[in-house]
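Please find the structures below.
Okay, so subunit A shows up in both of these, paired with subunit B first and subunit C after.
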Partner chain A sequence: MVDVSKHELVPEHTVVDEDVIDAVLEEYDIDRTDLPKIKYNDPALPEDAEVGDVIEIVRNSRTADRAIIYRLVVD
Partner chain B sequence: MTEVTATFDLPDDVVAVVEGTQLPRRLKNRVLRTLEEREDVTAVQAEEVAGVVESRYVDTRVDPLEPVGTVSAQSIGEPGTQLTMNTFHYAGVAEIDVTQGLPRLIELVDARKTPDTPTMEVHLQEEYATEREKAHEVVWKIEATKILALGDVSTNVADMRVVISLNQETLDERMISPETVAETIEDHLGVSTVQQGTTVEFGPEEPSYRDLLQLVEELRDITFKGIEEVSRVVIRREERDDGEEEFVLYTEGSAFGDVLSIEGVDASRTTCNNIHEIYRNLGVEAARETIIEETNNTLAEQGLDDVNVRHLMLVADIMTNRGEIESIGRHGISGSKKSVLARAAFEVTVNHLLNAAIHGEVDPLSGVTENVIVGKPIKLGTGDVDLRMGSTGR
Partner chain C sequence: MRNSTPKDIGAIDFGLMEPEEYRDMSATKIITADTYDDDGFPIDMGLMDPRLGVIDPGLECKTCGKHSGSCNGHFGHIELAAPVIHVGFTKLIRRLLRGTCRDCSRLLLTEDEREEFHAQIDQSRKLGRDLNDVTKAAIRQARKNDQCPFCGEVQYDIEHEKPTTYYEVQQVLTSEYSQRIAGAMQGNEEEGIERTTPDELAEKTDIELSRINEILSGSFRPREAQRKAIEKALSIDLTDEDTNKLMPSDIRDWFENIPDEDIEVLGIDAERSRPEWMILTVLPVPPVTARPSITLDNGQRSEDDLTHKLVDIIRINQRFMENREAGAPQLIIEDLWELLQYHVTTFMDNEISGTPPARHRSGRPLKTLSQRLKGKEGRFRGSLSGKRVNFSARTVISPDPTLSLNEVGVPDRVATEMTQTMLVTERNVEQAKQYVANGPNSHPGANYVRRPDGRRLKVTEKNCKALAGMTDEEETAGIQTVGPGWEVNRHLIDGDIVIFNRQPSLHRMSIMAHEVVVMPYKTFRLNTVVCPPYNADFDGDEMNMHALQNEEARAEARVLMRVQEQILSPRFGGNIIGAIQDHISGTYLLTHENPRFNETQALDLLRATRIDELPEPSGIDDEGVPFWTGRDVFSELLPDDLTLEFISESGDTVVIEDGQHVEGTIDSEGVGEFGGEIVDQITKEYGTTRARIFINEISTLAMRAIMHFGFSIGIDDETIPDEASARIDETIQEANDRVNELIEAYERGELESLPGRTLAETLEMKIMQTLARARENAGDIAEEHFDDDNPAIVMAESGARGGMLNLTQMAGCVGQQAVRGERINRGYEDRTLSHYQKNDLSAEAHGFVENSYTGGLTPREFFFHAMGGREGLVDTAVRTSKSGYLQRRLINALSELEAQYDGTVRDTSDTIVQFEFGEDGTSPVMVSSGVDHDIDVEGIADRILDGEFESEAEREEFLGSKQPPTNLSEHADSRRVDSVPEVTSDD
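For the complex of A and B:
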C-alpha cells in the first residue's frame, strides 16, 4: 500500500492529548461536537486514532505560514 | 500545540511591549525580529511600532457578526458571471481536454461523482523522470492498450474466423507477448484461440455470422495492458523548481488509486482532478486542499485570479466540514439547513413546505433567510446587537 502521509496534499495528522483539547475548547467556548469531523476510515488518520479522539492537523496555510486545526473522529 | 518562542537579543522591556499586544505568535516574532535588526530600539519606539502593527492587524480581521458566507458567495458569484459557459477546449497543458470555466466550477461545488473530463498529473520517481525510455515504461503501464493499437483485425467469413495479425514492433515496445494476447482473449471471450508467431486466430463455437461480428465487437473493448479508465497519456518535459528537467505524464481519464501503486510513479506528488478519488485515497484534508486548488485554478485560468483565496477556502471548509465531501446545494449543505423556510426559499419550495407540515417541523427563525421572509431584523452585523441605556454610576 502507498504511504498516504507522504503525499504533499496530506498535512500532518496527530492524535491530540485531552488536556490540550480541553484548553482549545475552552478558548473558543465550544463543545467537542462543534469541531469539524473526520471519518474513522479516513486514509490519512494515524493508526492509533479511535472514534471520539480529536486529531490535530497542521496545514501549510495559504494565508498564514502554518494553520492548526482540529477534527473530531466520527463513525 | 508547539509555541515557537524564539529568543531575541532585545531588552526585556521591549520584548514585554510586543508580547503585550494582541498579535498572533507569528506576527509577534516578525516584529521582534525586525526590532532586533534595527538595533538599539527603545521601549517607547517599540511601543509605537507594535502599536501600528497591532492596529493594522485588528483592522484586517473579520469583525464579529460579519456574514462571511454571504460575502464569499458574492465575491465568487460576481466574477463568475464572466466565466465562459463554453464547456471545453484544449487547455494550455499538453493537448488534453479539460472542462473549464463555469461548467467546471459548477461541477466542483456540486461535488459530482465523476468530472466531465477526469485527468491526472502523474509525476515520476527520480530514475524514471529523467529518461524518456523509462518514462515510457510507466506510460504503457497506465495507458489502456486495446487490440487496434497492437495489430490488424480481420474477419474470415468463409471459415468463420477472426484473424489478428499483431505488430511485433508495438508488442516489443509495450512489452506484451503474443501468448499473453491470446490468453487475455481466451479469458475475456471464452473462446479457444490458435496462436502462431504473431498471428492469433479464433472463431465462434457454432458457425454464425452474428456471433462472429459480436466477437469482433467485444475484442475491441478488451484492455490488454494498462488501466481501463485511462484512454490516453501524454508525456511532457517540464522544468522543476530546482531548474532540473523531468518528464511528467498527463492522462485522459483517471484511476488515482491504481496509479499511485504503479512502480515508477511518485506517489507523493501525483494528483488528479476528481475530488472524490482524492478523498478516497488521501483523505478529507487532501480533498479540501484539492477543492481550493481546483476552484482557484478554474478562476485563474479565466483571468479572475483576483478572487481572494479565503473565499474559496471557506467553500472548501464547509464542503469538508463533516469529514466527507458534501455538495453545496439542495442535496448537500443547503438541504441540511435546520430552518424549513430557508430550505424552502432555496429550491423545490412546495416539497419542503409539504414535508415540514407532515412532520410538524418548527422553525426557530434563527438564520438569515427565514428572518428576511418574515420581515424581522436578521441576526448578523448590527442586527444581532442590543443596546441598553445604563449609568456607570459616576
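For the complex of A and C:
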C-alpha cells in the first residue's frame, strides 16, 4: 500500500504535547472540542495518534507561506 | 411602543408540550363546530369565540381587552374524545415502541449498554454532531434483545403502517400444525426427501414418541421449544403471523411507564418532553388571528382552511363521543377513531404520502399548518427572511457620464415619494419649515410630520403652509407649527445617501451606497464605470434603490458601502471599477501615437476635470504654435509623485515617472475595470477618494478624446480588397483539398491512428486541426489589410471590446461550427442535411463556414451557424440556473462564519474554522495585487506625516527622534544655549 503521509501533497502531521495544546487552547480561549476535527482513520495521521489527541498540521500556504492548523482526532 | 428598549433573548427551549399546558394557555374550550349564529355573532365556545382574539376592527378582545391589530389572539383547545397520534412524531414513536419493553416499558438495554450510549451522547453533544446517529444505534442495539433484560417479557416486532398505524407482529403456532407435520413426514420422492417415521422424529427432536403421536393427532399443541425442534428436524415452518393493532391509547399507556432515566439514554430530556405527550389528548385551537375569515363582496363569510379543518375535527369528535356513550359496537368506534386521526393528521400536515389530502369543496387541497411553513413561499423563506420593504424604488437604468461614480440620478417623482426622517432642532428649524411649506408635490418638500406628542400628520397641499407657520391665520386655526422636537419626513435631496442594488446580488459590490442627484424624467441614472460591479447594461435593466431611515445606517453606508470604497474587489485584490469600452479606446487614441493638440484642443480635452490651467507646452511646432501631446495631457490627471512601470495590453512598456507619463500606451491594462494597474496603484497608495477622482476624470478625458478623433465602425471597416479575398478563398480551397485527402486516406485505410484514438476519431481531429489552421490563415491574410487605425483593430488591441477572432470572423472566415465540441454530426440518418450524400465527411457537410460575416453566409452555412449559436444560448441558460442553486447552498453553508477580533474564523458555536483569516490574516484588498511592484508603504507613511505636521521639529517630536522639553526648569539651560547663536549670527 502507498503510505500517503510520504506524498509530497500531504502536509506534515504531528501529535502535539499536552502543554502545547493547553497553550493553544488558552490562546484562542476554546475547549478542545471547538478545534477542527480529523477522523481517526484518516490515512495522513501519524501511527501513534489516538482519539482525543491534537494534531498539528504544517501546510504550505499560498498567502502565508506556512500555515499551522490544529485538529482534534475523533472517531 | 416606539421607545421600547430592545430585549435580549436569553434562551429558547425546544420540547414537547404537556396536555395540561395546552389547557392552561387556552382561553376557552371549544365544543361546537358552528362559527356564527343567524345574526352574524360568533357563538360562545365555537370556533370563532370572541375570547380567541379579534379580527374585526372596532371590537374589543374578551380576553385581553385590546383592539384588533394590537391583540395577537389567544389559543383555545379541543378535548379529544380519544387520544390520537401526532403525525410529526411518527418516526420517534416507532423508535420508542421498538426500543422499549412491551410489558414494563423499560429501555431494552443492559446497564453497561446504557452507560455506553450515555457517554456517546455526551460526546456527540460536545462535538456538535448529530445526536440522531447515536440514538439510532441505541435503538438498533435495543431491538436485538428479544427478551426484556428486566422483566423477561418476550418482545415482538413492531410494524409501522404509514402514516399513523402501528402493529405488533407475533409469531404463533399455526392451527394446522398437525397437517403440516404429517405432510412433511410423508417426504417427497421427486425432490429426494425421505419419509420420516414418528420414531425417527422422536429421536431427532428428543420428544417422547407418545407426545409425537399426540401432536400428530392434533390433541396436543407443541410448546415453543418442541415446535422449534420439529421445525428444525423437518425443515418446515409451523408459525403464522398474528398482527395486533396498537391503538393510540395503548401506546400512550406504554409510554407513560417509560422511566425518565431510560429516555435520557435516547437524548430526550424527560423534564421537557415526556414521550406520551406525542399522543395528543388535547388539541390546541389556533387563535382567530391565525385563521381570519374574510367577508366576500356579496356579504358571505369565507372561512380560512384551518377553520374548515377544525370544524371537521370537532364534528367527528362529537360523533365519537355520542357513539361511545350510546354503546356502539367496537367496529364503529374504531372507524370513527381512525377518522378522527385522519382529520387531526391533515390538520397538521396535508401532504403526507399514503394519505389522500383533505380537500376543499372545490376540490383544491386544503393549506394546513405544515403547508403554511414549508418551502419557498412558506412562512420562513417567504415571509420571515424574504420580506418586502418600504422606502424602496425600482425603475429602468440609463447612463449619465456627467455624474460622479459615487452618484446616482434619481427621478424627481421617486425623490418626492421617498423620504428621509429629519429631526427638527434649533439649528435646522428654518430648513424644516421650508420643506413643509413646499408641500408634498413640489420637489424639496415633505410628506409627513410627527409632532412631539407622537401624532403623525400627512402634509397636504392644503395644510402645508399652516403647518410650517407661514400663513397669517395659523393662530386662529389653532394648528401647531413645526418646531424643535418635531420630525419631518422630507423628500430626498441632492447629497442624501441611498443604497442601490441590481439583482442577482452575487457579490458585495451588487449593493453599494450612492449619493442622490435629483433629476427629471423617469430613469435611475448612473455613471457607466459602475456597470462592471453591478454587471449592468442599459438594454432595459432595472435596479432597486433603498432610502436609509436612521443616522447610523446612513453613516455606515457612507463609510463602508459607498461606491468609491468598493473600487477594489476582494475577489482578486485588484480594481473592479475603471475605464470601460469607449473610455479605453479613448485613452488608447490619446496615448498610443502620442498625438499633438493645440491649446484649444488640449483645454477641451481637460474641460470636465479639475485642471483649469494647462502645463508648460510640450513643444512648439514648425509654425511656432505651442502644442501639447496626448501623454502630457493624460499626465495632468495623475498624482504628482506616482511612479509606475508595467506592460500594456498593446504590448509596449508604460513608464510613469513622478506623475509624468513618459512612454507607452494607456489601455485596459492601465486603466481598465479588471485590474488596471494605474487605478489599482492609485487606490492603494493615495486612497479611495483620489482613485474616485482619477476614474471620473479618466472617463471624461477619454470621452473627450474619442470625440475629438471620431470613432465609428461600419461594414466598410471590415471589407478587404478583392485580391485578399482571392487569397483567402485559395487558402480555404487548399484546406478543403487537404481534408479530402485525409478522407481518402481514411477510406483507403492508410490513415494512422493517434495514440488512444480510433481511426474515425483521428480523422475528425485532423480535419478539425486543418480547418482551424485554415481559419487562422484567413484571419492573418485579412489582418494584413487593416491599418492600425482601423476601429476594430483599435478596440481589439486596446482591450476595449472584441478580439482578433471577431475580426477574423468578420473579414476572413467564420470557421468551423461546433456542437458539444465536435463538428456538427446530427440531423438526418448518416448526414447533417438532405443536401449532402450519406456519410459525406467533407468540411462543408459538417458545418464549416467558409464565408465571412461581411461576405455573407450561404443558407446551409447559416443553418449550421444557428445550431452552434443555439448551443451557446442553452449553455448560458443552464449554467445560470445551476450556479444559482450552487450559490444558494454555498451561502447557506458559509453564512454563519465570522472573522473574530482575535483573527480566527469561527462559526456560531465557536468552533474554529481557520486559525488565521485566509491563513495570513490579511484582507485581499489591502494587499499588493501584483508581484512586480509592492505598495510603497514608506512613501505613504511619509506623505501622511508630511501632511500632519507643520514643521520638521513637530514631526521629529512625534516620531520620538527628538524629545520635547518636559520640564521647563530642567531644560532651561539647553534652551538658552540654542537661542544664543541665533542672536549672535544676527549682527
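Methods note: the second predicted complex is superposed on the first by the 75 of 75 C-alpha atoms of A that agree within 3 Å, B and C clash if a C-alpha of one lies under 4 Å from a C-alpha of the other, contacts with A are read in each partner's own complex, and residues count from 1 in each chain.
Everything below uses one rule, namely that contacts are C-beta pairs under 8 Å (C-beta built on N, C-alpha and C of every residue); 3 or more make two chains touch, one makes a residue touch a chain.
Every value quoted in this text rests on a predicted model; they were computed, and no experiment measured them.
Participant: Touch test for A:Leu25: subunit B only (first), subunit C only (second), both, or neither?
Facilitator: Neither subunit B nor subunit C is touched by A:Leu25.
Participant: Which partner does A:Asp42 reach: the first (subunit B), the second (subunit C), both, or neither?
Facilitator: Only subunit B is touched by A:Asp42; subunit C is not.
Participant: Considering only the touch criterion stated at the top, classify A:Glu8 as touching first (subunit B), second (subunit C), both, or neither.
Facilitator: first
Participant: Based on the superposed arrangement, let me know which partner A:Tyr70 touches: subunit B (first), subunit C (second), both, or neither?
Facilitator: second
Participant: Output check: A:Ile57 vs subunit B and subunit C. Expected answer is one of first, second, both, neither. What do you get?
Facilitator: First partner only, subunit B.
Participant: Contact-wise, after the overlay, does A:Thr33 reach subunit B, subunit C, both or neither (first, second, both, neither)?
Facilitator: The second partner, subunit C, only.
Participant: Quick one: subunit B or subunit C, who's touching more of subunit A?
Facilitator: B
Participant: Common interface residues of subunit A with subunit B and subunit C?
Facilitator: Overlap of subunit B and subunit C footprints on subunit A: residues 36-37, 59, 62-64, 68, 74.
Participant: How about subunit A: which of its residues touch subunit B in the complex?
Facilitator: By the definition above, subunit A touches subunit B via 1-4, 6-11, 13, 20, 36-39, 42-45, 56-57, 59, 62-65, 68, 71, 74.
Participant: Looking at the complex, which residues from subunit C come into contact with subunit A?
Facilitator: Per the touch definition, subunit C meets subunit A at residues 126-128, 902, 904, 906, 909-913, 915-916, 918-922.
Participant: Quick check on the complex: what are the subunit B residues that touch subunit A?
Facilitator: 1, 24, 26, 260-261, 267-269, 271, 278, 280-286, 289-290, 292, 309-310, 313, 317, 320-324
Participant: Give the list of subunit A residues in touch with subunit C in this complex.
Facilitator: Residues 28-31, 33-37, 59, 61-64, 67-70, 74.
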